[in-house]
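Before we start, here is the structure in question, set down as structure tokens.
When the chains are written out, they are named A, B and C in that same order, and each has its own residue count from 1.
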Amino acid sequence: MSGPSIHVERLVFAYPDGRQALFGVDFTIQRGERVALLGPNGAGKTTLVLHLNGILGSVAGGSGSGRIQIGGSDLHREHLPEVRRKVGLVFQDPDDQLFMPTVRDDVAFGPANLGLRGADLEARVHEALVQVGMQDHADVAPHHLSYGQRRRVAVATVLAMRPEVLVLDEPSSNLDPASRRELADILSGLDVTLLMITHDLPYALQLCERSLLMDDGRIVADGSTRDLLGDAHLMSAHRLELPYGFDPLSVPGPER
Amino acid sequence: MHVPDGFFDAPTSVATGLIAAGAVGFSLQRANREIRETGPALAGLTAAFVFAVQMVNFPVGAGTSGHLLGGALAAALVGPWSAVLVMSTVLLVQGLLFADGGLTALGTNITLMGLITVLVGYFVIRTVLQVLPKRVGSVVPATTLGALVSVPVAALAFTGLYAIGGAVDIPLGKLATAMVGWHILVGLGEAVITAAVLSAVVATRPDLVYAARHLQPDLVLVDADGNSSTVSPDRPIAAKPTGRTLGVGIAATLLVAGVVSLFASAHPDGLEFVGARLGFDGAAKDSAVAGSPLADYGVSGIGNAQVSGALAGIIGVLVTIAVGLTIAKVASLRSSRADKAA
Amino acid sequence: MTGSAGDGLLVVADSRIHRLPAQVKIVALFVFVLAVVSTPAGVFWAFALYGALLVWCVVLAKLPPLVVMRRLAVETPFVVFALVLPFVATGPRVEVLGVSLSQSGVLGSWNVLAKGTLGVVAAIVLSATTGPRALLAGLERLRLPSTLVAILSFMVRYLSVVSDDLQRMRIARESRGYRGGRAGHLKAIAGGVGALFVRSFERGERVHLAMQSRGYTGRMPLLSESGAARVQWVEGLAISLAAVVIAVTARVVGL
């Protein structure tokens, strides 16, 4: 089965409390692409990514309409377990993602739900922890880890499911510069389609060749990250600002 | 508030243990669907919240302080059956992880603080909601009243338990007066905090309030072309009309509690009123030391002191529940038969 | 409190009691406390023996005595209650230093104090030698319903997160010049608690979403890998069985 990794068409969604978050979202992401999802607070970015594995939206019984395809096939209730394996979601707050008593239990949670047991499960957990360099912390309780370590374990919990698409919600937020760089090294070494929500524009430029700009529940711009960040008019119209002294045209990016 | 080991005699502890086990089992069954929809995480987080909030003391008066029990609040937010599970979880963690509340007294503690406060609170909420305008906001006054009533009723149940299984004879009339009088004050604090919490939830996430799920307005949805349509909101768990079952149970509880307290005040009394007053005031004052919220779990344990009164109702509650459940069973059999006939 | 709320009272050490499976320790605690509670208050030597058994446990578990003493503070409300009993109880009275006390009140006071204290110390031995995860696995082994184990596990995991939120809110309040006192206290606390609830609740929802994202379908993975060996049961229950023997003897001899 081939086709684009993610295809979204005319997606509309309102929360049960009456707040409408998405007003018709369209975009397509091809296999192996690395895309940043930019936009001001409250633009609907997190709401959008929660649709990609069927947690929100009409598939989950919510109020909304539109069409979502993952790997070329429509999102259906019957496919949800398969879709949730393919699309790995890393939440913004690692404390939301790490809910089991120890790191090992947590990383094992996803693969165990896929049916892995015993030595297979053990190997899968180890593999994921090695990918993020946390293999020495398997028996630690999450609340004894530093924030940066928790973020890395959160990525491992998703990698343990061997996803085809990795979706991250603000991966660099609250990280110190060293943790931020370590995470970038981990992410750039992964062989997956990547969609990353971020307010950290240099991070977007460093890791993603393409960006989507979202505002008021719609996609308002779609293009190369460098072009988007270089468009001062577009940036200020959607409350985006580059860090002091940062020139997107003069730093190297992921394009080769 | 947490009864230690050996406070009540063995039969009382066993009886309340059975009540608690039955209540938890029944609640597990009833809450099964909710928990599958919203996830055990939500119940766990609610329990962690209740645990944390029980460590915050508020001033009650006369230099003493009380703290939230949270039974009525939990009932309004997650529904009565999940709330019983939440409160039981809190007590289990306090007993096993923090050595607070004896293990053999766990049943007593769950019965008093987990079962009675939740059921009484929820019954009041449902009753008041029938009278108030059909808006989500009505759940705030309803739950406030539920919180206010639930605490003294739990205190009364404690007195009832003491009458049946207390290790030492003390004048029950005085005990009841002191316990209930004191806990009306604690209940006021409970009511104020409950009102504030619910107002905050109703203002930000009205869809979260279990007791108000059936009062939600419809949604307006704007599609990709700008056309609006009205849809009914996502209601994963409609509040089921458990009112009748619950109502009968609570009515029976109140009846038994009332009888017990009548019996209590008629009990021969060999002690000076002033002595009792002095005694209980002494107990109350000691707890004022624990002023700082969440300073340390040990200290917050002292915070419980003034509430020390509030203990558990034993056989009275057992009988109550049994009577209530029997009546409810009969009532539901009748109504289903009536439905068939119609 | 040293450590965070998520660790309970655990004192990290390596002892025979630390190594016992949690389910054995929970059953042992329960049997021990049951024996203590069913002992008539007047048989003083039995309580002395129970106390000796517990002291032995504390030593075996390498628990610092000071830590155990400090944690006895949870018992305070009932110490107060117990001390009031001799003054308010009915029945024949005795004069002690010119104060009239009820005989049954004095005995009742002793009853509450002795049994309560023994129970608390025994519970401290359990909670100080067993980490939260082990405790959950033990409860799971003891066939506590899985839904309840799941709720417990989430509660324990997020205790420290929620408590930290609360702590931060208190610091924020105090750093803006709030010093306590009665007026406005309730209001300030209530507002904070309301916000805390919404935060906790929304976190609960997000955690559930995170679980669903990783394929959760309603069944949590088991925590316990293996059961306890017979030797471990015998070792763990030895002290509790001694307590049962004491309790039975007290009944027979004491009455």
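Criterion: a residue touches a chain if its C-beta (ideal position, glycine included) is under 8 Å from a C-beta of that chain, and two chains touch if they have at least 3 such contacts.
Nothing here was measured: the structure is a model prediction, and the numbers come from that model.
The touch graph of these protein chains is complete, with an edge between every pair of chains. C-beta contact counts were set side by side for B-C and A-C; B-C has more. Centres computed as Cα averages put chain A at a distance of 42 Å from chain C. Chain C has its Cα centroid 21 Å from the Cα centroid of chain B.
Residue positions of chain A with contacts to 2 or more other chains are 99. Multi-chain contact residues of chain B, defined as those touching 2 or more other chains: 41, 205.
Among all residues of chain C, those that touch two or more other chains are 132, 153-154, 156-158, 161, 203, 207, 211-212, 216. Of all the residues in chain C, the ones that touch chain A in their complex are 4, 6-7, 132-133, 136, 153-154, 156-158, 160-161, 203, 206-207, 209-217, 221, 223. Those residues of chain B that touch chain C in the shared complex are 1-7, 10, 13, 24-25, 28, 31-32, 35-36, 38-49, 51-53, 55-56, 58-59, 68, 77, 85-86, 88-90, 92-93, 95-100, 102-105, 167-171, 174, 189, 192-193, 195-201, 204-205, 208, 268-271, 275-276, 278-280, 282-283, 286-287, 291-294, 296-299, 301-302, 304-308. The touching residues of chain C, when paired with chain B in their complex, are 1, 5, 8-9, 26, 29-30, 33-34, 36-38, 41, 70-71, 73-78, 80-81, 84-85, 87-91, 102, 104-105, 107-109, 111-112, 114-116, 118-120, 123-124, 126-127, 132, 135, 139, 145, 147-148, 150-159, 161-163, 165-167, 170, 180, 182, 185-187, 189-191, 193-198, 200-205, 207-208, 211-212, 216, 218, 220. Every residue of chain B that touches chain A in the complex is listed here, in rising order: 41, 205-207, 216-217, 219-225, 231, 233-236.
Those residues of chain A whose C-beta lies close enough to touch chain C in the complex are 50, 53, 55, 81, 84-85, 87-89, 91, 93, 95-97, 99-102, 105, 108-110, 112-114, 141-143, 157-158, 161.
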